[in-house]
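Shared chain: chain A. Partners: chain B in the first complex, chain C in the second.
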Partner chain A sequence: MSGSNMQAPLLDSLTRRLAETPSVFLAEPRRGRRGQLEVAALVTDLLLTLGGDLLTPTQATAHTPRDKGERNRARLVAICCWLLHDETFRQRPELASPVETLLQSGLNELAVLIDAERFVTDLERREELVRRVLDWLGLCPAGESPHQAADRLGALDSVERERVLRATRARQEAARARQLKKQMQARQAREAAAKANREW
Partner chain B sequence: MDAEFAARQDRNPLLDAAGWRMFCFLHQHPRAPRWNYQVGDRLLAKDLPALHAYRQRIIQERPRWQPDPPDWLLAWVERLLPKVPLWRERLPAGFDPRRDWVHIPTSCREDIASRIEQLVPQNAELSRLIVYETNGTSTGHALDVPNHPAAVALNHPLLEFALSRHGVRPRFDAQHVACVNVGSEARTVTFANVFAAWNNAGFAKVNLHEASWSRDQARRFFAEVQPEFLTGDPVAFAAYADWAIDYKPMAMVSTATMLSAELKQHLEARHGCPVIDFYSTTETGPIAYAGPNGDGFSQLPPDLYLEILDPEGYPVEAGTLGEIAVSGGRNPYLPLLRYRTGDHARLDPAGNPQDPAPRLHDLHARAPVLFRAASGAPVHPLDIAYILRTQSWVQHELLQGADGSLRLTIRPGLIARIDRQALRDGFDVLFGKLPLEIIEDPQLGSNRPGGKVIAYRREQSPG
Partner chain C sequence: MISDQGHRRAAELLPAWQGAWPAALAVWSRFTRLPKPRFLLDEAAEQAEGLSGSFAMIRLNDHAVLVSLRQVIELGLERFATEVLAHEVGHHVLAPADLADNARLLARLRAGLPGLRKHAPFVGNLYTDLLINDRLARDAELDLAGLYQALKPKDNPGKLWNLYMRIYEQLWSLPSGSLTQGRLDPTLRADAALGARLIRVHARDWLEGAGRFAGLLYPYLTREAAKAHQGFGSLLDATEAGSGEQAPDGLAEIDEAEITGSLDPRDDPALTGIDRPDHAQGDAPDDKAHASAPAGRETLGGRKRRYRGPLDYTELMESAGVKAPRKELVMRYYRELARRHLIPFPSRRVEQASDPLPEGLDSWDLGEPLAAVDWLESMIRSPRVLPGLTTVQRGYGESPGTEPERRPVDLYLGIDCSGSMANPERQLSYPVLAGTVVALSALRAGARVMACLSGEPGEFDQTHGFVRGEAELLQLLTGYLGTGYAFGIGRLQAAILDQPPPKRAVHLLVISDADLFRMLDDYLDGARDGWEVAEQAALKAGGGATAVLNLPYEYSREEGSVMARLERIGWQVHQVSSQEQMVGFARAFARATYHREGAA
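Right after this comes the complex of A and B.
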């Protein structure tokens, strides 16, 4: 993706756009009989605007959360649909394919970590999401070199920060799990304490 | 004697001279069953102020139903969220529990069975941790449930409250035996003890089984020890009647499985005391009690939030049957967040004139299942659970056909293999020679809401 013939997007206008996300994009994603927002329809609409194709049934199904664990991803996809409807991206057929893969799988890690609405309400998370989307599309914010853009995204990167945190936490939690296991196996713990009835 | 007294104080740190006399009275009683276990209450003086405060709180703060999670619960979730790895894994950073409460994934027994280290808060102090083993007789998981002696002691005032609603006010002092817990199993622990939470009043756990003592001995023990009230399950109370024990306590508190109206009436008529149905699990502690007018179960603790959920984990309309889920509780090692109990009921938000707390109706899914050995003798699910506990498994289902044959389906643990021969040997001891089919199914329960299985079932014989 060169993007060379595109006007460089203005970071501020895109973060402002996120801050002003209409409430309809923040509605509850539809799952079975619950929720109002058809995320697959939003994605289709966006891809057609970009000059892309309709979603296949399999792709459409992937945008319908199957359980509560997948709900946040659908919410994040809806917010990105609003962001990508900006005129900076509209009617750019070369973006249709990367946008499709971004929405299909490129947001998975982020959606597990951060509540989607934070990308609307929190200043830093707004900037992170805009930069992440631009980076995925091979675009640089106006006035920044690719190096500066990568540097700034690195500073905001929730996924990378979580990776570092998790590595530290994993060591602490493993030690803690060993300590807990030992304590639960200790003779004194197994003797428990008397209970006046068996079930409490 | 002094050395024994001092040694006993390890298990009962608040034991005094009067408490020690009560302990010795029970322990050395000539008609006592064979005591086979040592246990205390491990309560310390520093635990008592919280116990006294909770006793007052239960009376003053009756739970009231509200459609949304209460503020105290939300504050508690927010405080613990960074500390509980499993919650952190399931809720993304910035998740708003107030706005999105119903979207919080539910938890279940399997989380305790297979991921307990992810549930215990990272900053919890472990030095006083104790462990209860549950057999999973209703929902099919064997569990090790950690708890804290000070939290276990808070269950005493909850029981006192239920008793008082039936006009029963036992004498809680070292001159009286407050309670005897009755079992009726081939194998269980039996012990005598005193409870500091009840001013070192006496307590004993006994087993109405020929392996433990004789019927005559049991009759005389109860007559001489005179416990203020009894606790037990319907199977044990049926055995109490069957053993023709005439002692009349002030109350009988029934837990574990559904108490049939017939058995309740029979016991009340025979013993002339209220028989109180009490709903409690090892993972949650006491949840609700049946009031004197038989009008459902009223929520007991003020620090538990009850919901009735559909299979997907969303609240059902008031009055609709669904699965009981609880949040909150007092166990510092097991914070419960939308924990599915596996039991079902309808919730009536309004209380009754006696107690404004919300009530559960049609509480079920705890009906006891009695199996039959080749000889026709009854076999208690708890005894089967003892055999199953020797193996590493996640869930099981046992079905006894009308012809007596047994089919055991096991969802094995991730690493360990099932020792089929050990299972066969154990079943042979309990059932005699009956056909036994053992099936290992790694998917057992996975297609059902909350992974719930019906652990014990029996086909009725024709006619």
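Right after this comes the complex of A and C.
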């Protein structure tokens, strides 16, 4: 997937690009009569720039948020469109297909967890998004080995962190429940013993 | 022989490290001023300065930086002079910076470490190191990573070490294994990511992040409590930062952030970075987990002043390294609580000057202004000066002026210290606090105070007559008897009735409860019963008499009641329905009795 003839992308320039995302890409996605930004049109533009095909009506519908719940994903897709319009990716037909799937479904988990605007305003989240996109496209930032790139993405990965934290929380709650049960059983045993003594 | 060689090598290293000091100061600011660091060349010097375990340490009491060059060589840190010294400067200028912030930091960490409070200084050291090192590595581009790589232990030192080092790896974007050892499990990686965010998010308001940092380390400390410090030995430079005789002010009150700040960072969206943008619409999973997250101030019922107990206060001070007897810390605690209720310092406006007329010599007691001592006369009296015993001061008369003379009444303060009263060292005792407010206000206004703790029949303890020494009064008030059932009314006979008439009018103030009435009935001394003693003492004292009593509601002032009887014999009875209300009474009493007098 990663073209060997392709120049390795510079991480700093991509994160800076994200920081400089024009406000039009952060506008409210169109939903019915509300919003200004046609996210499907942005995606089409990007795919054409990369040498890909037009979106099918079904694909275009998927980029139009139907309710508030899908709003954040549409905003994140718009921000990614801006990022992928960078010279590094432009007119690379081999990227059109992975970009299409990335925008179609590859950002879903992230969009559920993090406000899209954070990928513009927060230094760490900017790096996370850039690394995630590069990883999806099979690219390594300039100066890094695949192992280093994977290690750094692992350190920033919000989805994985959330999964681990949720598991930790569940473990803690289960331990607390076990302890409580043990205490209750001990109390019941004491009460039973006291009752037995009285009956004797 | 080896020791000589070590000393020689340390001496050779000395100029280079001395030369690095200005640069280390300049890293923080061109205007940073601190005493020059003390470089210790051998073990004897380290022992003399109290440096053990670590190769460097700071002391907030005297702003000292101590570095063992002997250990620097042993650890192979010779080339990190600027890094080490700038780090120590950071403790003085950033965190914990001063004794008060050090104690506040410890208070917040202790709140976040239930059952593991003794580890608070250790956790505080790790937290402040992270804050300082991150700033030095990012802003000053110092090689802190190199320093930690040099300190990397050979054996696997445990999960806490790996978590701590993984936080540095995260902060400085270092690959896994740069500072950590072995395989890191996903939980540790996730926790380290939280730790790194915590350091960045709370870089400016670092005290706010302390409780969360304690929460982050808590599970690791629980698992490794016995060997938590393993591997960190040579890094711990600020665990005894507050060690000394100075006690920081303002710690009797619990800072609200101590409670809200001990939130588990795993539940803090600002640190997890998880904000679930569409959560409000119910699209995101795991609603329950987030619904249970603490909601901060709202859950606490608004802003209220909260005070820690005396036991917690003394433990906090001991944890902060304050080297003072527990009794003195308890006195300090009550003085601090009383301070905001005291009358303002009285200032006298002199309408008409009059020539002072030297009269005889009076004895000079401790607590009186030192400048008042007549040294010549004192030396004539006894060449060996014993303050308070051989010291005298000149007494002056005044020619009559036009302003009426106002003298504060002296105070006789009797506090019920029977079995029903709390031990002020273990629990906040409101009668003691109320007594402290009144006694210290009286001293401010220039009055003398005689205090008496009494739990009778049983024991009593009192000052040696009417005194002006604050320490003597607090020493007595914070004592505890826990005997008998009430304030012994017979104390008034010994202190007032059996004494010559007082030179100045005395106000009698007794703090007790309903048992005082029983004591008035029970006390018998020859022809006089308790009621007569109370009546005659009030008459002889000449400055009024007040009983503040914690009474149930059924006590009324109707004709024939004990309350009415006590008032008829010259006592004002102030009824409160809880011990807490005694403090409000004490404040009002002090203002009415002493502020008006002193303000002239």
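Following the convention adopted for this analysis, the second predicted complex is superposed on the first by the 168 of 200 C-alpha atoms of A that agree within 3 Å, B and C clash if a C-alpha of one lies under 4 Å from a C-alpha of the other, contacts with A are read in each partner's own complex, and residues count from 1 in each chain.
The rule is short, and it goes like this: a residue touches a chain if its C-beta (ideal position, glycine included) is under 8 Å from a C-beta of that chain, and two chains touch if they have at least 3 such contacts.
Since the structure is predicted, the reported quantities are computational estimates derived from the model, not experimental observations.
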Inset, instruction - Could you look at A:Ala193 and tell me whether it touches chain B, chain C, both or neither (first, second, both, neither)? - result: first
Legend entry - First, second, both or neither for A:Gln148, with chain B first and chain C second: second
Legend entry - Partner chain(s) touched by A:Arg118 [first = chain B, second = chain C, both, neither]: both
Inset, instruction - Take the contacts of chain A with chain B and those with chain C, and give the residues found in both. - result: 67-69, 71-72, 111-116, 118, 122, 158
Inset, instruction - Give every residue of chain B touching chain A within the complex, in rising order. - result: 11, 38-43, 85, 90-96, 103-105, 116-118, 120, 122, 126-127, 129-132, 144, 146-147, 149, 152, 155-156, 159, 178-179, 181, 183, 191, 193, 195, 203, 205, 231-233, 253, 255-256, 278, 280-282, 285-286, 312-314
Inset, instruction - Note which residues of chain A are touching chain B in the complex, please. - result: 32, 34, 67-69, 71-72, 111-118, 122, 158, 172-173, 176-177, 179-181, 183-184, 188-200
Inset, instruction - Spell out the residues on chain A that touch chain C in their complex, using ranges where they run on. - result: 67-72, 111-116, 118, 122, 124-125, 148, 151-152, 154-156, 158, 160-162, 164-169
Legend entry - Residues on chain C engaged by chain A in the complex (per definition of touch): 169-170, 173, 175-176, 186-187, 189-190, 193-194, 197, 266-267, 272-278, 281-286, 289
